[in-house]
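The first chain written gets the first letter, and so on, giving A, B and C; residue counts start at 1 in each chain.
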Amino acid sequence: MASAFQKHQFTILLLSCQLIFITLYGLFGKYSVDSMPGGSETSTIAVLYPMFQDTHVMIFIGFGFLMTFLKRYGFSAVSVNLLLASFTIEWSIIVNGFLSEEFAKEGKFSVGVAELLSGDFTAAIILISMGAMLGKLSPTQYIIMALIETPVSLFVEHHVIHTFHVNDVGDSIVVHAFGAYFGLACARAFADDKQREHDNEGSVYHSDIYAMIGAIFLWVFWPSFNAAVAEPAEAQQRAICNTVLSLVACTVTTFIVSQAVDHHKKFDMVHIANSTLAGGVAIGTTANMVLNPMHALTVGVLAGTLSVVGYKYITPFLASKLKIHDTCGVNNLHGMPGILAGVSSAMFLFLYDPADYGKSLNYIFPAMKSDTNENGISAGAQAMNQLIGLSLVLVSSTISGLLTGFLLKLKVFNQVRQPELYADGDYFETPADYDFTSRIVSHIDRVEINEYSKLTQKEI
Amino acid sequence: MASAFQKHQFTILLLSCQLIFITLYGLFGKYSVDSMPGGSETSTIAVLYPMFQDTHVMIFIGFGFLMTFLKRYGFSAVSVNLLLASFTIEWSIIVNGFLSEEFAKEGKFSVGVAELLSGDFTAAIILISMGAMLGKLSPTQYIIMALIETPVSLFVEHHVIHTFHVNDVGDSIVVHAFGAYFGLACARAFADDKQREHDNEGSVYHSDIYAMIGAIFLWVFWPSFNAAVAEPAEAQQRAICNTVLSLVACTVTTFIVSQAVDHHKKFDMVHIANSTLAGGVAIGTTANMVLNPMHALTVGVLAGTLSVVGYKYITPFLASKLKIHDTCGVNNLHGMPGILAGVSSAMFLFLYDPADYGKSLNYIFPAMKSDTNENGISAGAQAMNQLIGLSLVLVSSTISGLLTGFLLKLKVFNQVRQPELYADGDYFETPADYDFTSRIVSHIDRVEINEYSKLTQKEI
Amino acid sequence: MASAFQKHQFTILLLSCQLIFITLYGLFGKYSVDSMPGGSETSTIAVLYPMFQDTHVMIFIGFGFLMTFLKRYGFSAVSVNLLLASFTIEWSIIVNGFLSEEFAKEGKFSVGVAELLSGDFTAAIILISMGAMLGKLSPTQYIIMALIETPVSLFVEHHVIHTFHVNDVGDSIVVHAFGAYFGLACARAFADDKQREHDNEGSVYHSDIYAMIGAIFLWVFWPSFNAAVAEPAEAQQRAICNTVLSLVACTVTTFIVSQAVDHHKKFDMVHIANSTLAGGVAIGTTANMVLNPMHALTVGVLAGTLSVVGYKYITPFLASKLKIHDTCGVNNLHGMPGILAGVSSAMFLFLYDPADYGKSLNYIFPAMKSDTNENGISAGAQAMNQLIGLSLVLVSSTISGLLTGFLLKLKVFNQVRQPELYADGDYFETPADYDFTSRIVSHIDRVEINEYSKLTQKEI
């Protein structure tokens, strides 16, 4: 029998967090100046708000439905996604607030549309890690993971951006790479042989189609994710174009490689729902830097290839040899493409002349030497900073992920029972057809069922 | 046998409406000045149009898919939603036109993006009432309901806003509360014991996931619904922030309460798909008023709690004791949170000092005393007006809903046969698997079917 | 056994295209001035970008999910849609670049958000033709079709717009009619009796609901498709209003006619998912021309009627008598409504006085006589041009479609095996339940399966 604490720990934990969060907002939170009386009379969010909404769709529909591919975990995928993202928006605004200059000066932090957008970006970190742990954690454990990962990732992000002046406009380093390697490290520490080759892993025909709803909304709105905070306007417009081109090239490449590496020369829906998106990650860091359409296309080709190869060969290797079980394959969609983004950002610093950026150089690389920043650093030093930022993210995410994984293994927290790994049954009220619909396995060509039932009888 | 009139009444009714509507547009309609040659050369809808599109998605995808949760009523839910919303947009623009100052002066009414947006808001009223009646009405009856409810609700809304100067920026009083209590009253008058505990009520595994598509699109775009018509820009930006914060707090709360009230400590998808949205309704009236993030979060917490408790205890009570059968539980998503919105709007008038709003006071409460309106009313009087407006909506929706319910019961209109309640079969051509897919009930752990079929034979 | 060439032809073809495309971008492509350093410091896409994103959703979610209605072709529909659209965006930007004035002058072509939007419009052409051929082509064949159709359609479009100065703001002539009649002609040349009355044609209950996701996103965002490139602002706003009104009228009409023409007086989901959209096509060419709401409504009524009648009577006739098998019925959604759009554009030129358009006349009909274009042509001549443009599209699409169909029939290209027409199995890795889920045919009222399984045993 479950102890009273085990029975109520989710309620206690989440209720406590919620009360503390609201208290912190009460003590330190306020709306931003442009959202308060006396603020702007003309909209300051005419461009930002639609991009925020696109990002919002990516977080809640995109990530949520992409993770419904598991045949018995659809309720959990879309619901826990909603819960963790909401929780992280609340929590990350507080953490980012405490890290802000405004808080240091005035003891208050602001909330506005820009801060909500940051909340969405932070939610992406948590949801990526969730992808690696999908089906293996209880609701309590998911919340603990989000509770820990949010401040750690934001602290690292803060130093990557403000101490090392890294350009990471689409957050591929600080969001995608961090989330992926935190999740993989967590999975390693949490590993258990019973998690592998479980009957519940895998999809059914309809769940793969649900997943495409998520995949395509991510694909369509990714340009907004990468461009939302790019400045000035020309850089934002370029970030959009680079992202679209990288995505289309990545998509075409995914189909080529997916078929080429398959024994039966068939496409794999896992690649199509995931690897097609790697182009969005891989161009993220450099979406405002790349000045040539061909370069964006090339990044997309590399990302698609890397991602499909990852799903085909690296994920099984990690699972069997390194005991890193990665349910959604986040290493292939967020991890390796995130590293590609970071490394290529250093390379593009040598490929283009800083003078090519004109006045925009200040926005893209505020620390670099320019007309208005005579003591700035060289392109080589900036490239080094990009790599240092990437390394910092990789090391910190791995360490914090490992520690979190060990913590989550403690018996004091509710654990998922082995037969109910990757399954909704223990945590959600399920309809009567749940077992039938989600466990069916068959190899037939046509089913004709003509049955005489009470209802038919009555009607005849 | 059906009489010729019964067989053709849908065609006759809808065709007549369509012809009359088009004639009325021909006689009295015109495009708004800024949509006609000589009108604006720069866009007047740069901010409004994306918000209109978000709202449009809520109406057609959001409401449409949220109602597909019933296992045998998916075709009807999404299709009738599309029909009623289209019908209501046509009809409400005419009604609003006749109520407009412009029509009183010039004998013409205008159509522009703002009017289309109003059409969407009115469609929401009808679709909320449809939620209470879901599965119990024939297409003819749905149309009659929309035909009656549209002018009644718009007439009431007109007086609430223009006579009592109620601030209801996100339409929680005039849309959500009206739609809910019209629907519940209609359900009461239309009640029949056979509607309760019907085999067709309830979901299957996949239909609950469809419903989440609708739920999440409503969730994501709700800030646009509440902020679309807020003025000036700072109030609009605040309305967005308040709505997002209320929704995230409501969502976290929904998960806490849903699990806490369940015997098996499991989450209920009905709560997750519906109660998470109550925060959007509850903050609707005050989205431009609330000046403190903590207050928005608190409203969300109250809404989520109220809504889950409603689903768990109040809906069954209404159904069994008061004979009010509410298919979608609109009382918990729109009704009670709408009342909460109205009541809290009166309370916030005492919590904040009118001076806090500066020049915006004129936009939010045009009837209140300010620098430019020296004869305006006090905060207390405005609070009273908010409550009068709410009461007016509750009384008028209940009376008109009851009368409509009695009317719809008349045998002259096509009625749904008892075995086909909550089912598509009588009104839609269904594919061959319809009965199997939507009636399956099972309690098994794994199905393996290996069958030898003609096709397999041929191929071997 | 398949030859090595047959086995690898998809890889070879698509990889070659990809390498050539990237090389062409490298040689001739550059970003547009406003997306490069020194470009615009304030956004030039505040209005355009949200409309681009709406269109992007239509192309990838809208078309993709609309085509998932087939019970065994869901993976292919949504995936091939993604592949062809990505491929076409890449390819069409090159082709449009080569046709541009800029290329003629400078030997370079530009890429910016406007060009990405054109890419989406061209993708629509290909996806419409794909709808006619759905389930009958191998991946190789789909790519060849896109490879050929893209330059042909853009060449024709270029001359329709620039030589004949046709107003086709929502692309109903150059996109919808072209795509439809290319596809139908291709289907005719590719015809084979075995394509008709195939077991795999038709939907299952859930696949019809997926299709509605696509249908409704198309429906909701169609105003952006028709208005995105309309100038000036007032014409854009009018284009939005005309499209919404045409769609709502078309939708109401679809329900009336769908039920009226059915033997059992039931609605048909094929009509509801497709014919409701015909109003968007039919108003496309004239969305910036129509000045009266009643006229937009009337166009919608005609389109809905035409489309349902087409599905009911014309599609079966074409299939059985003319050997034109049109899987998605694109003739009814894009073809005939596209012709209606073209013909009505000529008629509206007589209905309105050119002076009604004021200064906007120059934008809508740049070739017509106006204050600033004294040598312009008359309204009658413009009407003739509209009809010439339409005819040009119909003739060229038919001829090029026929030739493409004959080409695709060549045995050198991979062909779909007859039993696997309209099925994923030969081209996609499918989950174990694929056959069961997608072939089930049943006529029962309730299935109760209570089975004792190993897993249950263990748990007891």
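By definition in this document, a contact is a pair of C-beta atoms (placed from the backbone, for glycine too) under 8 Å apart; a residue touches a chain by one contact, two chains touch by 3 or more.
As the structure is a computational prediction, the values presented were derived from the model and not from experiment.
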| item | value |
| --- | --- |
| Homomeric contact chain A-chain B: same or different residue positions, threshold half | different |
| Between chain A and its twin chain C, rotation from the CA superposition, multiple of 5 degrees | 120 |
| Centroid spacing, where centroids are CA-atom means, of chain A and chain B in whole angstrom | 32 |
| Where chain B touches two or more other chains, by residue | 46, 50, 206, 213, 436, 440-447, 449, 455 |
| Chain C-facing residues of chain B, complex | 7, 10-11, 14-15, 17-18, 21-22, 25-26, 29-32, 34-46, 49-50, 53, 56-57, 60-61, 64-65, 68, 74-75, 78-79, 82-83, 86-87, 89-90, 111-113, 116, 139, 199, 206, 210, 213, 426-447, 449, 455, 458-459 |
| Touch list for chain C against partner chain B, complex | 46-47, 50, 54, 71, 202-206, 208-209, 212-213, 216-217, 219-221, 223-224, 232-238, 240-241, 244-245, 247-249, 251-253, 255-256, 259-260, 262, 264-269, 272, 276, 291-294, 297-298, 301, 356-361, 419, 436, 440-451, 453-456 |
